[in-house]
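In what comes next, chain A is part of two complexes: it sits with chain B in the first one and with chain C in the second one.
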Partner chain A sequence: MTRISTSWRSRAGAFANGLLTVPALAVYAGLLVVPVGFAVYYSFTDYNGFPSQTPTWVGLDNYERIAQDPIGDLHPSIWVTVAIAIVGTLLVNAAALGLALLLRRTTPFNTVARVVMFYPHVLSALIVGFLWQAILGPQGAVNNVLEGGGQSTLPFLADPQWALATLIGVIVWAQFGVQLVLYLAGLQAVSPQLQESARIDGANGGQVFRHVTWPALAPTVTVTLVTTVLSLLKVYDVVLGLTNGGPGDATQNWAYEILAVSFANNDIGLACAQAVLLVLVAGLLSFTIIALRRRAEEGAEAIG
Partner chain B sequence: MTGKRTVRRTVRVAVVAVLSAAMLVPMYIMVVNAFKPQQEILLSPLSLDFATATTDHLKAAWQSTSFPVIEGYAVSLFLVLACNAVAIGTAVPAAYAIARTPKLLFRILLMFFVAGMFVPAQIILVPAIFVLKSLGLMGTLPGLVLFMSATMIPFTLFVFSAYIRMLPRSLDEAAAIDGAGRQRILWTIVFPLMRPIVATAFVLNALGAWNDFVSPQLILGPGSEFRTITTGVYAAVSTYSTNYEIVFPTLLLAVAPILLIFAVMQRHIMGGLSAGAVKG
Partner chain C sequence: MLVNITDNLTQEKWEALVAPFEEETGIDVEIEGPTGQSVAESFPALLASGTAPDVIQSIFPSEDTAPEILDLTDYEWAAGTPMSDLYSTDGKINVVGVGMQAQSLLYYNADLFEQAGIAEPPRTWAELDAALAALDEAGVATPIAFAADWATGVQAQQLWHPQQNLTTPGWQQSVADGSSTLGEQFEPLFEHLASWIDAGYTTADDVATDSGTQEANFIAGDVGIYPMGSWFSTTLAASPPDFEVGVAAAPVDDAADYPGPMGATMAYPYMVWNGTEKADDATALVEYLVTDEAAIATQAEMDHFTREGTDTSSNEYASLVQEVTDKAPSLAVPGNQTVGDHALPVAGFNPKFTELVQGLWQGAEPADVAADLTAWYDAESAG
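Our next item is the complex of A and B:
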């Protein structure tokens, strides 16, 4: 008798608790999950976004179009995205970790330096793009200084390869400060006793880093890698401000392709197919990194 | 030994100082050039001649119709507050329920929410527009707030539920025995204890909402009467990107207040970020 009533009560309690999740669930599911479903559905249609037109089922046409790329404008954008995601992630993390090691002690000088490294993050990526465009553009500040000094100008944004490198550089400039803060937080958790005893045992700075600090940072590295890759896969604002995809299509990445090309041309079916692929890639990549990092993190637990 | 250490310290300070200066150069160029006419910007972009410095261009940017500065700030601030109200207001009860119900269904529910952290918001915006259209919310501020809040809920709920799990259960049980209802326990006992993590979520969501460009641009539409800082700057600058008399003063007006807020609040903003990372 008592057992039945407690089980009924716990079930009623769970139901009441379930009600508490309804508002969050409604907003989240309605505006993030349902759109993902819409994206999957539209990706199999030729929908052009006009309310009067009903989407017609075209099967895998949009995906085939992406795979075959008849106009030759989709594949370059994949390479641009991959270059930004891989090179950008490595540079952001290298810069962030290097500076975190330099700035790990909390002195007034270091505190100011941390703030200076971080501030680009409070500026919107679009404004960062416009600002660097005004500095590195053909008529920009740097080239005018070079010209004034009698030197030849540099094609930061005019040459396709330079433009991609410049874009990655600007992204790194704007993003590494965030990861720096995460690395600093991670370094706080590294046991100072362990580092000290390694030093007493005769390890030099490099050895202490390799055998004590770096393994203990493993969970932080996982977080920074995943967050950097996720944010770099979808960069759009900074591209729009800095290069607007140019010169030609040299800096058009996947997100630019979706928003400024397919969506702008009312090619909703194609835009949704591209969006579905990018969501899949983002998810797969995150889980791959998390899975690959698991072993390194187990090492961190053994040390910590 | 000490000599070697001093040398090392000097090198470190020098490297950091040079890098810090490099980080600040773009701000310097922006400030200096906001007070100069186009010809002077092109001839000597790095210096400021106080004899010819003028605030005319700043005034012109201030009065620009495509980027009404004060309204832009008001709309962006409204988005920060409204999105945080919706995201935090819905995530607190949901996270409480998930953290306090040891049932498989609620664990799955948490996973379902967490999966949203891996969905890039601006990528899913295109289909979201059609959802908003069918709800009649396209082109409206409520629609924009709902979409932006939806993108904030996964992270907010995730860190909240992890935090509530660390709070002792005996607190809510004692209150329940005293006859307090669920809502009462939640808002008068649990919520006040969550202050640090709420502050963290608020700061991170605020930065996201403040800097978002794609959502307001596409949901409100370029012809909207509401302009945020970002959509306003885009309207004012994108077509005149080589007219530096417009570019630099506009950018200066757009970033000066947020940099001021950051300078005052930097400890909370950067502290909130690292607190979120440790918990997440």
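Our next item is the complex of A and C:
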């Protein structure tokens, strides 16, 4: 009798625990699985998104259009996206890690400096774009100063290559604050005893960083790399505010093509196909980074 | 009512505009600004979610949205509204407005013209080339100003409307039926623009400078010629320059044809959502907005437009525009027209045109830009 009662209680407990996950599951399914499911479905249709049109099944037509790129606008946007993702990820992480090392000690100055460094991330990305346009535009603050000093102006936003470089720089400025916080948190977890031991053994600052701090930061580096790549792959607001994709199509990235071109032209099928590919690439890149970083993280665990 | 809210057209002004209608009819009008960047961006999202407003202002129906818009053809007042014929499809009217906004205008600094020895505003493309050369020679910083984003494409088209519509009247239909291509239509314009860029009359900085800044440059006296629509006269009236401003129609090839057809768009377009439960109230409001004399006068104060009988005496620049448009032999709708028999059967013309034409400032060849434009049209029209 006692055994039956225990078993019943155990099953009832499991059922109750299962019930507790239902709200989270419902939110997850409602806000993620269902919309993504619709996006995947629409990606195989010709649809303008309006009630008067029923989505028409077109199979792989939207994906073929992306592959063939008859107008020659989608493939260049891939290269812009790749440039932003690779160069941006390197710069964001270099800036964030470098500043985290400088600001790791808790002093009044460092506390203020951390807030200042994080501040760009608090601003709306669209406002960041407009702000830097006012600073770096042909008649912006920087060029006015140059002109006032008798120097020739610089084509930050007027030349295609300069505009892309400027865009990456502004994105880095707007995004590195979060990674800085992650690196600061990661540095707090690095064992001071190990660093001290290394110094006692005669290691200089560079050697301590290379052989103790950097390996111990491996899990943090993995997180910052993944989050940076994901946010840079889908960056849109800064592009809109700073260059609006120009000059010409020089700074049109994949997200811009989805939101400002395909969706704007009510080409929902093509936009969804582009979005599905972006989700796949983002997922693939995330898993690849995590897999590649596994060995480094195992090393960190060994140190820890 | 979903309306355009901008510097000129504020929420307060819209509310004041509809207040007499509310008082007279007892119908409550709720003014709503766009949730996105613009009405054009917000309306499709509202339609898709089934929460579209009863009346939509500032945008036109497109091939995609037309089935969602109420047919106004049976309302007697609709046929009498300005430009309703140019915006109708097979005689069916689904958008009405209060007037016309002229597109093909050259605002020029008459003082700089005098300094450069230019006696008369240019009537032909050759005279325009000569005027720009003279302004350049006289040391004018920017003989002709173009601006970034949407403005580059719009300004280029504004310059070209008169000659384009002389060469190929109803050119959109020629492109649609395959007897012409977009590239053929615009390549001569691209050659003119490329020659100005080569000569340094306009630089890559221009197409990275927003239109507000370029307008300020013109008002500051740094610009010889600024191609822009009639709405610029409202800006000029708000910040009058300390030099004499002239307004001329965009040029044509042969002086005998001057002035050519005037590029024009419907001012204050209104349309009614056909899913509305208050169709009678919505159409009554639109009728009031496009036919009531006081409402029309209020809208003219908010943003300039041309309409027979409109008093422009309070705005000297609007009077100049009115003089030019009165002389135009006909009106021609632009390439980004999205509704009616003169609409190109593709979406997104202006953004793509702007993107491609900006390539000229980056050294692209006119023939290549024209070929890209044709390729884009072919791909889009093929679906």
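In this text, the second predicted complex is superposed on the first by the 296 of 304 C-alpha atoms of A that agree within 3 Å, B and C clash if a C-alpha of one lies under 4 Å from a C-alpha of the other, contacts with A are read in each partner's own complex, and residues count from 1 in each chain.
Heads up, the rule we're going with is that a contact is a pair of C-beta atoms (placed from the backbone, for glycine too) under 8 Å apart; a residue touches a chain by one contact, two chains touch by 3 or more.
Because the structure is predicted, anything quoted here is derived from the model rather than measured.
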Open item on the list: Contact-wise, after the overlay, does A:139 reach chain B, chain C, both or neither (first, second, both, neither)?
Closed with: both
TODO: Kindly classify A:297 by the partners it touches after superposition: chain B alone (first), chain C alone (second), both, or neither?
DONE: neither
Open item on the list: Under the stated touch criterion, which partner chain does A:42 make contact with: chain B (first), chain C (second), both, or neither?
Closed with: first
Task: chain A residues touched - chain C or chain B, whichever exceeds - done: B
Open item on the list: Quick check for you: in the superposed arrangement, does A:20 touch first (chain B), second (chain C), both or neither?
Closed with: first
TODO: State whether A:51 touches chain B only (first), chain C only (second), both chains, or neither.
DONE: both
TODO: Mind working out whether A:30 is in touch with chain B, chain C, both or neither, as first, second, both or neither?
DONE: first
- [ ] Pick one for A:118: touches chain B only (first), chain C only (second), both, or neither.
- [x] first
- [ ] Touching chain B in one complex and chain C in the other: list those residues of chain A.
- [x] 49, 51, 133, 137, 139, 244
Open item on the list: Under the stated contact criterion, what part of chain B meets chain A in this complex?
Closed with: 12-13, 15-17, 19-20, 23-24, 26, 29-30, 33, 41-46, 86, 89-91, 93-94, 96-98, 100-101, 103, 105-106, 109, 113, 115-116, 118-128, 130-133, 146-147, 149-151, 153-154, 157, 182, 186, 207, 210-214, 218, 229-230, 233-234, 237-238, 241-242, 244, 247-248, 251, 254-255, 258-259, 261-263, 266, 269-270, 273-275, 277-278, 280
Task: Of all residues in chain C, those that touch chain A in their complex - done: 40-41, 44, 47-48, 50, 62, 64-65, 67-68, 148-149, 203-210, 213, 217, 275, 347-348, 351, 355-356, 358-359, 361-362, 364, 372, 375-376, 378-380, 383
Open item on the list: If we count contacts the way the header does, which residues on chain A are in touch with chain C in the complex?
Closed with: 46, 48-53, 70-73, 133, 137-139, 153, 155, 157-160, 163, 244-250, 252, 260-261, 264-267
Task: Complex contacts: residues of chain A adjacent to chain B - done: 13-14, 16-21, 23-25, 27-28, 30-36, 38-39, 42, 49, 51, 99, 102-103, 109-110, 112-127, 130-135, 137, 139-142, 144-145, 148, 173, 178, 181-182, 184-186, 189, 220, 223, 230, 233-234, 236-237, 240, 244, 255, 258-259, 263, 268, 271-272, 275, 278-279, 282-283, 286
